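Common to both upcoming complexes is chain A, partnered first by chain B, then by chain C.
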Partner chain A sequence: MLQVILSGVSQGCIYGLVALGFVLIYKATETVSFAQGELMMVGGFTALVMTQFIGLPFWLAVLVCLAAVGLVGYVLERVVIRPVLGQTALAVVLLTIGLGYVARGLVAMLPVIGTETHTLAVPYAGKTIILAGLIISYDHLVVIGSTLVICLLLYLMFHFTRVGIALRASSQNQLGAYYMGIPVKRLNGLVWSLAAALACLAGVLLAPITFVHVNMGFIGLKALPAAVVGGFTSLPGAILGGIVIGVAETLSGFYLPEGFKEVAAYVVMLAVLLLFPSGLLGERTRKKV
Partner chain B sequence: MMKGRKITQLCAIAAFLVAAGPLHAQLQGVTDNEVLIGSIQDLSGPLAGFSKMAVAGMQMRVDEINNAGGLNGRRLRLIVEDSAYTPTRAVQVAQKLVNQDRVFVMAGSIGSVVNNAAMPIQFEKNVMNFAPLTAHRDMFEPVSKLKFAVLDDYYGAMKEHTPVLYKRVGAKRACALYQDDEFGLEVFRGASDGLKTIGVTMAETATYKRGATEFSSQVARLRGANCDFVVMGTLIRETPAAIAEARKTGFNPTFMGSVGAYTELIPMLGREVVNGFYATSSSLIPYPDSPNPAVRKWAADFKARTNADPQLFTLYGYWIIDVLGRGIEQAGKNLTTETLARALETMGTVNSSLGLPSIAFTEKNHLGSSYSAISQIQNGRWVEVK
Partner chain C sequence: MRFLFKTSYEQDVRLIQHSGQLFWNGLLIIALLISPIVLPEFWLAQLNLILVYSMVGLGMMILLGYTGQLSLGHAAFFGLGAFVQAYFVNRGWPFFGAMSITIIANVILGALIALPALRVKGIFLGIATLALGLIVEEVLVKWESFTNGTSGLTVKPVQLFGWVLKAQHEFFYLALGIVLLCTLMTLNLLRSPTGRAMIAIRDSEISAQSMGIQAGRTKISAFMISAAFTGIGGGLYAQYLRHISPENFTLLLSLDFALMVIIGGLASIHGVFFGAMFVVLMPPLIAIGKDFLPAAMANTAGLQNVVYGLILIGVVLFEPRGLYGRWLKTRTYFQIFPFYRRGMFRRQKAFQKSDRLS
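Showing the complex of A and B:
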């Protein structure tokens, strides 16, 4: 049972990382970006190309990958999203879904590697340690550890750096922040590149479990319930939501009859929404007229 | 005035449709100099690894036949469409191939679920489904002039070999992990019926949806049931993913898959983790360093064409067009679905020098070969175990 929960927590951390991206973008620009899953896939492929074809050592490849996909996120925001800001939310959502299609199509067009499934060579593949009678695989440890580190770094950034505080101000009230001299448009670009880098990390962490292939981004769809469960306006909520969904999935796969595993994420989302309409850690805002 | 114009337009359209009607009853895809062959492959989904190779193999044989002058003066033209291994896309591309491209025959389409979705559309227009890349019984049963298959079926192969392997490895408890669709069910049914013949019932089963990538809870269930023999109704990605998950949690039963998991892609993806995996097999993998000189030459020819080593599915694709070609040639100048079916049934045994089983169709039997064996991955290579 503990084994199952551990798998669930690890899978949930991956959902949580993607959900973090959702929430970051939503907080800053009030748009939902459905391209997060595909950015995860692009991250996986970039890491594959770096390690397999360019031959970089793994850790360097991951850093290059984060920077590269972060840049892709920034460019996407600047070129595709910024001109559309101010249109209806639906228009932007559809645009991001379209970006996802384009990303899948482009990656599938890559000669030789695009349509194949690949193994990403990670230095911790297959290793396990035995702790308190449980066999814990390094994959799980690395995922959970990375998520904790990321959470810590983000917390430090948001509370102790100027950029972080500016981001928080901008996400609360864009107009007010603009009046204070905060470069809101540039910050939006930064938010997108941060979210893209998070998706890339999620992709690299997911690759040992699901392999790298053009459809691996579909798991990003499960990150949406994770973000909703945590409260779409809360960063720690995104991670918590991810873990809740991940554990619910693996527990239902283990104990409940066939088929429940696939719907568990959505059932939990519905249940949480019924009980906590703004998610577990979301803000409850009211307008005073 | 406008009304008169409109009525004339409607009459013209109606007349056209009436004239076009009889075309539907005619033979399609065959002209004096060309035969159109359609194929529904998975170019972007979970089986893309298989399809890429199969198409390359099919095209290689098509080019060879055309370079030698074609069959009875007709060249072959292969049209491939992508189903992404989903039934909805399969229906769409089947419509396109059968009704727009108007192919004569469908060959080598991949996926039980894809073929089952496409066959009604094909059969409506008398388009034969020849040698699909799936070993489901629906591909040749019930016997019909429109269904021919060459791969020994999942059900039959698993029923024959599962009890044999179970006894050979001295297993005590059997379980199954299988894809929740026609393919997985056939593998599961065959294995469990086979085990019943030696008095063994499955202790635990777990399923996954086509395309799933995460198996921790399924593996945990099977481990919890203390199985030491797991039947796998899985394909390319799921096999190494599930076995890796099991090894990670210290669960090391004997894993046995069907011919759907008999592919070089699995040791390529799974590396050391999949060593020891068994599967039923219908032919030998055409490794470029094969002891069979004909295979070595064929592999070298393929490499010269495409700059890549061939795989098992390349060989399947090549073989499918080869057998179809013999049937088309035998049918003669008057090529129709009926004459092709007759030719296939009466042309006798087709032997292969490339390690493939011999094929023989008869009026009552449209499954060309019932040969299957057990193979195992040893040090990254498939070896047939006697």
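Showing the complex of A and C:
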């Protein structure tokens, strides 16, 4: 039982990391990026290329990966998203769906590795630790640990740095922040690159547990419910939502008949939407006329 | 250049605005009627598929284009329609009998899926419908006594008052009749108070409510009508392919449906058909175009995704009104030849509509 919950928590942390990207982007620009999952897939493949074809050591490869995918996120915001700034949110949704198609297509067209399924070799593969009667594999431990570290870093950034405070200001009121001299557009670029880097990290962390494949981006669709459950406007909510979804999924995979595992995330999300339309930790807002 | 001289308000809601429309649409229908004689088998099959997709397009257009409710789960309706139709046809029901059960089943599912629409809006509605679509997809895979699981179901050909329609051109006339009827119904719906209420809700829900429109009821009826049309499309699809499996009705199909009406051009009936043509004709055209590319790039699935994505991005960035908008601009350019200006189709500057408190 505890064993199952633990693996659910670690799976949930992956969802949570991707969901953090959704929430960051939503808070900054009030749109949802459907390309998060594909960025995750790109992250997984970049790590694969870095470690297996270029031969960098794992930890260095991860850093290079994060930087590269972060840069991709920044460039995407600059080239594709910024021109539609000010249009309805649907435009950005469509753009990101289009970007997802392009990313999947481009990766599938890669000559050797594109259409195959790969395993990412990591230094901690296969090792386990026994703690209070629980068998914990290093994979899960690394996932949970890095999620905690990321949460701490984000917390410190949002509360104690100039950039973080500017980000919070601009997410509360863009126009007001702009009048105060905060470069809102540049911050949006930063948010997109941050979200991309988070997705990439999730991809790298997920790679040893499942596989690296062109369609691994569809896991991003499980992170959407995580963000919705958490409330879409709250960063701790995203992680919480991710864990709720992950645990619900593994528990239903364990106790319920086959088939429930795939839909558990969505059922939980719909229930939360019906009971708390603004999510577990979301701000309650009402539009004033 | 045609000048419409308006003398009464009723002119605005007339079905046929001017004689030009009658002439060109009549010509189009005649061309369609003789197309089975002229077209080779392969292109006739594509035309049949276009008709099936345009049924779905009509449903999507009512929901997304005219009511402004984003749905990313329409493959659920399409799949349900296909399987209900298959189930009853295989038990010896005639085509229209099975089709009416299909429509009823879909209307019920549509009303169910509309429930989240009363609580959430915008992108979140998209996410909720996406979730429902995925759930229905999973149910179809697992409910083996109804759908025969992943191995799929073979469907008997159309039975109509004792005739059995097997050939492409026979199916074509049936589908054409249904699509024409439904298009006419959509046009009439949009002229009616219900349709006007839908458009009002799309433009501003709060203003519509303050004019006395019941937003909830209108949204649910939009979902139900949309589901019914999509279900008819699904039923036709089952009858056309004659072999369906739950794997045909995935999330990607839902996305395709949404993209279809957006690429075609939102809020126009022409856009439905442009979009359907685009979605159906793209794969064969890419397959033809692939022969001219170097072998390294000739991975069909990848290439198709890239082209799709690039076209979608291009449409959103450069032509938000879709293929139909492009056509309108081109036509106007030639109609008033030297006097076309770039800003002619630009509306008021659109500001971001925020759902957030500020």
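Quick note on the criterion: the second predicted complex is superposed on the first by the 285 of 289 C-alpha atoms of A that agree within 3 Å, B and C clash if a C-alpha of one lies under 4 Å from a C-alpha of the other, contacts with A are read in each partner's own complex, and residues count from 1 in each chain.
Basically, a residue touches a chain if its C-beta (ideal position, glycine included) is under 8 Å from a C-beta of that chain, and two chains touch if they have at least 3 such contacts.
Computed from a predicted model, the values in this text were never measured in an experiment.
Judged by the touch definition given at the top, the superposed model places A:A108 against both chain B and chain C.
Shared-chain residue A:V228: touches chain C; no touch with chain B. Of the two partner chains placed by superposition, only chain C is touched by A:N173; chain B is not.
When the two structures are aligned on the shared chain, A:E249 is found in touch with chain B, with no touch to chain C. Touch counts on chain A: comparing chain C and chain B, the chain ahead is C.
Overlap of the chain B and chain C contact sets on chain A: residues 108, 115, 218, 258-259, 262. Chain B contributes residues 43-46, 48-49, 52, 180, 206-207, 209, 211, 213-214, 216-218, 220-221, 224, 236-237, 240-241, 244-245, 247-250, 265, 268-273 to its touches with chain A in the complex.
Only residues 30-32, 80, 83-91, 93-95, 97-109, 111, 114-115, 173, 175, 218, 221, 224-225, 228, 232, 258-259, 262-263, 265-267, 269-270, 273-274, 277, 285-289 of chain A touch chain C when the two sit together in their complex.
Taken together, the chain C residues at the contact with chain A in this complex read 70, 115-116, 119-120, 122-124, 126-128, 130-132, 134-135, 138, 141-142, 206, 251, 255, 259, 262, 296-297, 299, 301-313, 316-317, 320, 350-358. Chain A contributes residues 3-4, 7-8, 11, 108, 115-119, 126, 128, 135, 137, 139, 209-211, 213-216, 218-219, 249-254, 258-259, 261-262 to its touches with chain B in the complex.
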